[in-house]
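Handing you this structure, nothing more for now.
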C-alpha cells in the first residue's frame, strides 16, 4: 500500500483552508460537501420530528401533547424530509461529487450555477426553519386547499416561500447534470459506457427540471390565494380544490422518482462491484431509468382515486400506474441476476444494497395494491400508505444513501470507515426499519387513518411495536455519525481504489485533487468490466 | 377469516378482501422467489466458495423480454380484476335509500329523508342499498368506514356520493381520513346497522318535526323563491316541478344533467351553468345558506317532480 | 484582438476550448427554457380548466380586457424580437457597434411594452378589476371574472417580470460590449439573452389570444 | 463563424408574424362559436413556430437543441391532456 505510507499531497480538501475558499468555491466536490453538511442537519431535524411523533403515538389518547403540536410535527417532518432531505440527498451530494468524476470531467458544466444552487437551497431552508421556529404550520406537506389557504393559521407563507426557493436550487442542479452529461463526457465515453448511476441522475434531472417549475407555480397560486383571498382553489369563491391536487401531484408524484432513481443508481454500482461481475442487462437498466422518468409523469392521478376524479380518469391512472411498475420490476430482476455466479462479499455497502433490494421490492409490491382501485379505496389515507412510501423512501432511498456513503467514503475523505461498526449499523437499520414500518401495513388495513394522534384502543399494540422500532432505527441512524466522524481522524488511509471497482472515479487519488485526475483517466470500452474469479471469460 | 381484519360489513367488502389477499399471495410468491434467489446466490456464490462460475449468462435480452412480458401480463390481469370491481363500487344501483351527510370541522351531520338528524352517527337498515349524498361545509373531509372498505373525499363546493349495502348488523367505526384541521383525529363517529324492523322503530322514536323535504319547503317559502319560481309568478323563471333528472339546455349552447350538483350550483353560483332562455336575474344565495339547508332545498325541489306523475 | 487573446479572456473552467464552451452554454439556455415552459404551464392548465368550467363568465371577463393596448403590445414585442435576431446576426459577422444599436432598440421596445402594460394595469385597477385587493365588479359572473383577472394578472405580471429581467440583461450586454466583450468568435452571452428574449415573446404570443381575444365574438 | 448567413429571412419572419397578428385579431371577432379558440391557438402555434425556427434556430449550435426546445412542450401536453381527461369525463357536468 504505497498511498498509505505516502505523505498526504494536495487534494481538494487541503488545497486551501480559508472559509472563503469553502463558501465561494466552485469545485463540485466542495459544493457536494457543503450540501452534505446541510442535508445532514435537515435529516436530523426531520428525524427529530418523527421521533417525537412515534413517542406520542405510544398512547391512544394522544398524551402528552395537544392536537396542534402533533399536527405541526407531522407537517415539519414531511416538509423537511421531502424537500430538504429526500429530493436533494443523493443528487446534490454524491451526484455533485461523482458525476463529473465518473465521466472523466474536471467539473460540472456550470460551476457557478452549482454554487448558486447551494445558496438558494440554504436560503429556502432558512425560510422553512424560520417558519418552524416561530410556530410552524399544520397543513401537512401536501398543502391541500382550501384548508391550507383559508382555514389554517400557521406560517404558510414563509414555508411556501422556502420551498419555492429551494425548488429553483433543484432546477439548477438538474440543469447542470443534464448539460454536463451531454457535453463533458471524456473522449471515448459514449452513452453506453456510462455507469447506471449517471443514467439514473440523468433521468432524475429530467424530472427535476420538468416537474419542479410546476410546483413553483402551484405554490405561488396557493400563497396568493392565502394572502389576498382569491378563489383560485377555494370553492366558496368559485375555485376547484381538485385543480390544486392535479397541479400538486403533477410535481409530487414524479418527485417520488426524483428520490428513488438515484438510489437505484447507487445500488447498480455497488452490486456488480461486490459480486465481481458485470452488471446483468446493462442497457435494460439504462432505459428502465429513462422510462420510469417519463411514465412517471403519467400516473399522478392515483393519489386522487377517492378525491373525486371521474371513474374513467381513475381507471386510466390505475392502468398507467401498473405500467410504471414494469421498469422497476426489471431493475430488481437484473440486480438479482447479477449476483448469479458472481463472487459475493459482504462489506457494508453491499449489505445496504441487498437491504435496498428487499425493502424496495416490498415497497414496490405494495404499490401494486394501491394501483388496484378497490384496494386503494380502502387503504389510501391510512397507515398502509404511510408504510408503503416509507418502504420506498426510507427503506429504499435512505438505505441507498447510506450504501453510497460507505461505498464512496474512502474516495471522498481518503479514509476507510470501520467495517465492523458499519456492518452492525447496516443490520440494525434493516431490522429497526422493518420493525417500525411493517406493523403500519397491518394498521392501515385495519383502518387506522394517517395523521391521527388520537386513535382507537385496538390499534395500540401495533403502534407500540412501531415506536419501538423507531427507537432502534434512531440508534442505527446516529451510529454512523460517530464512527464515520471517528474515521476522519483515526482510521487508516484509503488507497485510490480500495474496492477494486471499475468506475473511472476510482482512477483518481483518494481524496482527489482539485482537478480530479492527476493524469487523463483511461475510459474502458464498456462499464462494469469485472472479472469473476473462476469464470471462463473469453 | 383473519382476526386482525375489521368485520366485512358491506356486500362488496368480501370481494375487496379477496382481491387484497389475491395481491398478497402474488406478492408473497414474488417476494419468496426473490428472497430465495438472493439468499441462495449469497450463500452459494459467496467469495471463496467452491461453486462453479463457468458459463455466465452473456446474452440477456431473451431473459429480459421474458420477465418483462410476464410482469406486464400479470399487471394487466390485475388491472382488469380491480377495474371490474371498482366500476361496481363506483356506480350506485337504482332505488337506493338516500341519506344526506354534511361534514364540517370536526363533526359529521346526518339528515335522514324523513327529517331525523344525528351527529357523528349514522343509523342504517341492513340489506338495503344505501346511498350517501355528502357535502362539506368548509374543508375537504373524507368519509371512511373500514368495515365497509369504503371511503370517499367530501369536497366542498360539490356533492359526492357513496353507496353501500350493509350485510350484517352491528356498530362500526366511522373516521375522517383526509386531514381537516386541529381536531381531525377526533372527527370520528359510528355507523349503526340495524335490522329493518329496528330501523323502522328507531326512525319512529327519533323526535323530528318536518320531513327533510318539508324543511326545504319552509325555506323555499321564507326565502321567497316562489316569487319567481311559483306557478302564478310574472317573472320568467324556470319551472322547478319535474326538473330533477332532466337534461337542461344551457345558455352557452351546452347541456347539463339536472342533478344535485346542478341544483346546488343554480342556487349558489346561478351563472355557472345558466339555462338557456332565461335572463340572468337569479341572485346567488352563497353565504346565506349552510350545506344542510341547501340539501333541504334540493330535496324539496326533487320532491316536486313526483306529484304530477301521481295524478295522471 | 487575436484568437489567443479571446481564448484567454473568455475561457472558463472546466472547458478546454471556446467552441465547446459556447455550444454548452447554448444548450444550457435551451434546457432552462424548457423549464420555463413548464413554469407557465401551471397557469395555462388553471386557465384551461376554468375556461372549460365557466365559459360564459370567461367570455364576459375577456371583454373587459384592453384589446387595443394588448394588440399594440403584441406588435411591439414581435418587432423587438426582430431586432434581437438582428443583433445576434450583427455580432455573428463581427459588427459590434451595429449590435449595440440593435440591442438598444430591442431594450427600448421592451420598455415601451412595459409602459403600455402599466397603462393597461392602471385602467383595469381603476375599473376595480384587481382581484382580492380592489375588486368592485358586481355583474352576474363576479366570481368567474375575479378568477379570470387573477389568472390575467398572474400571467401578465410574471411575463412582465421576465421581460424586465430581459431588459436588464440587454443593458448588461451593452455595458459588457462597451467594456470590450463579444466578438464574432465568441458571443455566447448575446445568443443566450437572445434565446431568452424570443422565448418571452413566444409566451406572449399565447397569452395574447387566450386573454385579449376571448369573448370578442359575441 | 458564418458570415454568409442572410439577413432576409429575419425580415420575412417579422412580416409573417405581423400578418398573423392581424389575422388573429380579425379571427377573434368572427362569430364561429368554439372554432374561435381553435383558430387563435393554431395561429399562436404558427407564430411561436416561426419565432423558434427562424429567430431562435435551435440547431444553431447543436442539433440537440431541437430536442430541448420541444421537450418542455411534450410534458406540457401531458399535463393538459391528463388533467383534461379528468375534467372532461366528470359525470356531473355534461351529458353526452
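As written, the chains take the letters A, B, C and D, and residue 1 is the first residue of each chain.
Please note the rule applied: a residue touches a chain if its C-beta (ideal position, glycine included) is under 8 Å from a C-beta of that chain, and two chains touch if they have at least 3 such contacts.
Keep in mind that what you see is a predicted model, and the values were worked out from it rather than measured.
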item: Contact-richer chain pair [A-C vs A-D]; value: A-C
item: Reference chain D; chain at largest CA-centroid distance; value: B
item: Chain B and chain D, separation of their C-alpha mean positions in angstrom; value: 41
item: Mean-CA-position distance for chain D and chain A (Å); value: 37
item: For chain C paired with chain D, centre-to-centre distance based on mean C-alpha positions, whole Å; value: 15
item: Contacts with 2+ other chains: residues of chain A; value: 182, 210, 214, 238-240, 242-243, 246, 311
item: Touching two or more other chains - residue numbers and ranges from chain B; value: 158, 254, 269, 272
item: Multi-partner residues of chain C (at least 2 other chains); value: 23, 27, 31, 34-36, 38, 41, 45, 49, 53-54, 143-144
item: Contact footprint of chain C on chain B as seen in their complex; value: 251-252, 254, 269-272, 274, 280
item: Chain C partner contacts - residues on chain D that touch it in the complex; value: 1-3, 5, 7, 10-11, 13-14, 17-18, 21, 24-25, 27-33, 36, 40-41, 43-44, 47-48, 51-52, 54-56, 58, 60-62, 64-65, 68-69, 71-73, 75-76, 79-80, 83-84, 87-88, 93
item: Touching residues on chain D, where the partner in the complex is chain A; value: 64, 71-72, 75, 78-79, 82-83, 85-86, 89-91
item: In the complex, chain A residues that touch chain C; value: 26, 100, 105-111, 171, 175, 178-179, 182-184, 209-214, 216-218, 220-221, 224, 227-232, 237-240, 243, 246-247
item: Complex contacts: residues of chain A adjacent to chain B; value: 62, 67-68, 70-71, 138-140, 144, 146-147, 150-152, 235-236, 238-242, 275-278, 280-281, 284, 306-308, 311, 314-315, 318-319, 322-323, 325-326, 329-330, 332-334, 336-337, 339-346, 354, 357-358, 361-362, 365-366, 368-369, 371-375, 377-378, 380-382, 442, 445-447, 449-456, 532-536
